[in-house]
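One structure is given below, encoded as structure tokens.
Chain naming follows the written order as A, B, C and D, and within any one chain the residues start at number 1.
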Amino acid sequence: MDNKKIKVGIVGGTGYTGVELLRLLALHPQVELAAITSRGDAGLPVADMFPSLRGLVNLVFTDPATANLNACDVVFFATPHGVAMSQTPALLAAGVKVIDLAADFRLQDVAIFEKWYKMPHSCADILKGAVYGIPELYREQIKHAKVIGNPGCYPTTVLLGLVPLLEQGLIDFSVPIIADSKSGVSGAGRKAEVATLFAEASDNMKAYGVAGHRHHPEIHAQLTQLAKTNLEFIFVPHLVPMIRGMLSTIYVKLSAKANSLDLQALFEKRYANEQFVDVLPAGTLPETRSVRGANQLRIALHKQADTGYLTIVVVQDNLVKGAAGQAVQNMNIMFGFAENTGLQVVPLLP
Amino acid sequence: MDNKKIKVGIVGGTGYTGVELLRLLALHPQVELAAITSRGDAGLPVADMFPSLRGLVNLVFTDPATANLNACDVVFFATPHGVAMSQTPALLAAGVKVIDLAADFRLQDVAIFEKWYKMPHSCADILKGAVYGIPELYREQIKHAKVIGNPGCYPTTVLLGLVPLLEQGLIDFSVPIIADSKSGVSGAGRKAEVATLFAEASDNMKAYGVAGHRHHPEIHAQLTQLAKTNLEFIFVPHLVPMIRGMLSTIYVKLSAKANSLDLQALFEKRYANEQFVDVLPAGTLPETRSVRGANQLRIALHKQADTGYLTIVVVQDNLVKGAAGQAVQNMNIMFGFAENTGLQVVPLLP
Amino acid sequence: MDNKKIKVGIVGGTGYTGVELLRLLALHPQVELAAITSRGDAGLPVADMFPSLRGLVNLVFTDPATANLNACDVVFFATPHGVAMSQTPALLAAGVKVIDLAADFRLQDVAIFEKWYKMPHSCADILKGAVYGIPELYREQIKHAKVIGNPGCYPTTVLLGLVPLLEQGLIDFSVPIIADSKSGVSGAGRKAEVATLFAEASDNMKAYGVAGHRHHPEIHAQLTQLAKTNLEFIFVPHLVPMIRGMLSTIYVKLSAKANSLDLQALFEKRYANEQFVDVLPAGTLPETRSVRGANQLRIALHKQADTGYLTIVVVQDNLVKGAAGQAVQNMNIMFGFAENTGLQVVPLLP
Amino acid sequence: MDNKKIKVGIVGGTGYTGVELLRLLALHPQVELAAITSRGDAGLPVADMFPSLRGLVNLVFTDPATANLNACDVVFFATPHGVAMSQTPALLAAGVKVIDLAADFRLQDVAIFEKWYKMPHSCADILKGAVYGIPELYREQIKHAKVIGNPGCYPTTVLLGLVPLLEQGLIDFSVPIIADSKSGVSGAGRKAEVATLFAEASDNMKAYGVAGHRHHPEIHAQLTQLAKTNLEFIFVPHLVPMIRGMLSTIYVKLSAKANSLDLQALFEKRYANEQFVDVLPAGTLPETRSVRGANQLRIALHKQADTGYLTIVVVQDNLVKGAAGQAVQNMNIMFGFAENTGLQVVPLLP
């Protein structure tokens, strides 16, 4: 183990992706937590807001205006959309790498970004050099990236569920790909809102964003790039009464070529060297709790007899492989650490 | 209001559909609860097992062998599959009507029943005269039925979500109809099983039955009959950590004819006189809690831009419109009571 | 049944006690819902905010400034503390009765009110004539009351759990009475707050208000009045991850006199004619779900061997017997309706 | 870090304490998991039952009859009461240490054990040398112990909450100590039972065991020993709808001597060197989720003004500090490892 530690800053540490970064980085052997900012809670010890970190994180929230982020090696943005792009140029100039957990660097097409996020993109040139941070797809680029657009939670499940088929050209694009996705409530963030109160969201579920969810263009852009062709994609997210956990059920029509192949073997081979992607044995199905708290994604396949369709079921913890865990995985790759450093957490079951 | 009361028997009153029948019938002004049976709990006052019924239900569980069900006007079977068909011939001979909440009288094709339920069907002749108990589809037949096969919970959502399209021939059957359904845990019944323990099912979700769920043939048979053509149907149920509630997200390709029609208006017209089916305003989506405890089903429609697909979202309480409530609705129709007698329950929100 | 209907107004209909009043009053055969106000949501149909009421409540929220509350027979205040007392004088002058679900008319001692609620009491004279609305204690006064201070949720459980002992002088006051109470999250109201978000309150519990909860002086005042002596009272409330439900575990030292008495029989006799208070059989314990959605309170007693202490366990639905249901019960008494009118709801189990 | 690994066996690995031991030991750097037994599931890979352990635990359940436990350095019993004492003599003879997570070695008084557990104690001599495994109380004895009776979950909270007062003689025993405790549902174990089904235990709570819970004599024995006097103790456990988590609210009357002391400082000093016991700052209260998944116990104190009573609120994760985590802590002490080896897990929040 290399004992040299990098200095890490977190902008926006009071939301769920922020505290999740803290959970994973608190014991990371090659990280020194140097600064964590919060406009509203400057001066407050982090462990006063999150008592789970008592004795583990001794930082105090600092005002973004006074935090010396330029002295960091890498800065994570766990902020609303738009914050990272406003600060990234200065950080890059100071030699600091950036990992944005919001959407500022996810969509290469500026026009699409601006349509869905209702704001101009202030650094299109930096965006061009940014890497979409799914290591299982873009590991080589991540090694040399200065800016990472950390993927959305839903996109991580849908893309990793489809990559083996897309790479081998096994999908019939004459019909849409359909992703019916379900998320735990932490995906909505730590904002005070009536709709996500316990007494509203518990013992209840609903679809939302049917008319258009921001992860649709993100997934569509990646799918198109991987498929190297136009395709149609239907995406319906749902809110489910659990704290953490995400499950996507994906319906694709297989191409003629696919029908003669052993798809189970294909998926297993594709992910054989990926420690954070687990292809389940044929005939089994994953539960979200099997990855609770861990940077793990599990996939199961089921052919729908007679219809030519394949159903792919994917689970992850939306805050880990779907957000902070994947961000740490990206950091590890960027700095040449073993990819699982700080990520060896056994899922919490029950 | 007619003050003459009918005598009602319940076979198998210790499960969730049994106690739900009791909840609805306890205050039903035209029902006298005459007998409730349980092999294992004979002698136990019902209210000792279900304290929610203290002061409301004074019955004692009786052994099925000694219960005088022949003196009833109607008997509900809230039992495992196979029980109802063994007792129905004798009840019919005694002039007693039967409403089975299990699957014995749901599938007209005996071969399909026997394939999925792994038991011979013992009264195929009675099955022929049985009516599939969705009032919104078969109200006239229910009026004169002696035996009702009360529908499965999932089928009720999928069928009522598709009926207006099927009746008007608005679905393109060149691709499969896909139903991605989600159910609360009470749907698994009140059996002692590890998989549905609180510490297993809470803060967790999963797909199940992907390889084949018994509601698939039930839905498929009804869809085929309504469509008057062969069609392909993909069905993936999921278990969600809520007590009650069911949500089906249905994906269909619209026929060319459909694209020029106002589907919202079509659905509203189809269900205008149905007090237990509610078509939500365009642009809105239902939550399961909006029907908690009530015999209500709500539907919302969303066209998926550019794809030619329609997404239909349907919610119900799996134990009410998905089971016991619909059974009482059928009983009301069979005996000429106002259809909402005993079913005027406001959903419990929050 | 008398078919003459009274006109009912609700001030502040967007919180949980407001929607709960609507649930109970929507089908109340002697109530015409005349007006429901909301400053923030004036103009919005009630059923758009609460889809559970679609088809049952056709009212639109009106601005408090324009609502014609003077034309009502009774007005419920489901508002923050302080609102009811500002409007009550005018309503009384117009001959309208008032039932306040907040604290404005609960504490007879103005100084104590002002200490705990941090506001001056604007109508101490009206307060003097107000009745504390626990029918099982003050039914005669309620019959003739013009203003009801509807009790807090916790006080209802603690008081009804202790009344039989207090009335018979069976408590040894040389040690404090201790009430360890647990509440579902809906008790915190429908305000957008981080602490009651699903992802914060789920799979979690805590004590709160140990340093001083507003229900402490309310309970203490009633206890003192019933005991006709000074006494000490310790109260620790807890927040539990359930939507509805409240359970109080009360620890009292019995007086010497009590030890020779059959306390179970005493409690049963005291509440024999109370349809909304249920004394459970000796040796059993209540669950909160046994009263979910119903205006019911259940009590169990257990002597702690050798210690001279009695443990009393009380459950209710905090929104029903602990708030809106008790308010409707009070209304029924004030207007001479059968006390259970509109309150015949079977608890929702499971 | 010492690279020598000890061989560890687990008897009864299919319950919640079993899988929790696996979660903590899977990454323990000084442990080699040598054997895990299950009568019913022999032959099944552990990771097939608990997919959270895929890739982390490669063991297969073996039949207790054939498992070579004698080759282990230490064996954990995560079994029903009575199993450990039947196998411990042979293991000790083979030089294997034993940590029992059931009650076989918790109660030094054989008569009390036999009264509460309804079975004879088969090795009273070994029991005499067994150590009650709360390191913060008995660390020195644990170092040299061959058999550990790992404490019950409730006792750990009550005892650690009272130790500083007991050691200093600050409790007035003229009144009973009262512990009102609340547990998540995993405390009931992974047995198929109706009462702990999701649809029964969710959105619901209850007291239980009021007439007598097995942890009462265990706590009482320890309290008496620490107090060096007879005392009365009232204990009421409650079941709360959360997977993990335990909160005890303890009510004690302070002695005259206590009133002049700074109890907050006293507690802080007592636990200053205990990394797994955290005394919260004055004026704050703990949440159970602040320790979710971690071997941590947090304590807060609140004086009840005027009454002379102190309220102590204690939280832990019932499966970790309340069971498997404390067992691993004991193992670390027994084998001279750093006490936190394998226990550096950050609590999972949210």
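One rule holds for everything that comes next: a contact is a pair of C-beta atoms (placed from the backbone, for glycine too) under 8 Å apart; a residue touches a chain by one contact, two chains touch by 3 or more.
All figures in this text were calculated on a predicted structure; none of them were measured in a lab.
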Can you tell me the least number of steps between chain B and chain D, where a step is a move to a chain it touches?
1
Cα centroid separation, chain C vs chain D, in Å, comes to 39
Report the inter-centroid distance (CA atoms only) between chain A and chain D in whole Å.
37
Within chain B, the set of residues that touch 2 or more other chains is 16, 184, 186, 190, 199-200, 202-203, 241-244, 286-287, 289, 292, 350
Should the pattern of chain-chain touching be classed as line, ring, star, complete or other?
complete
Once bound in the complex, which stretches of chain D touch chain A?
16, 19, 23-24, 26-27, 50-56, 186, 190, 202-203, 243-244, 275, 278, 280, 286-287, 289-294, 298, 319, 344-350
Of all residues in chain B, those that touch chain A in their complex:
175-176, 178, 180, 182, 184, 199-200, 202-208, 210-211, 232, 234, 236, 238, 240-245, 247, 249, 251, 253, 283, 285-289, 292, 302, 304, 306-307, 309, 311, 313, 315, 350
Counting only contacts in the complex, chain B reaches chain D at residues 16, 184-186, 188, 190-194, 196-203, 241-243
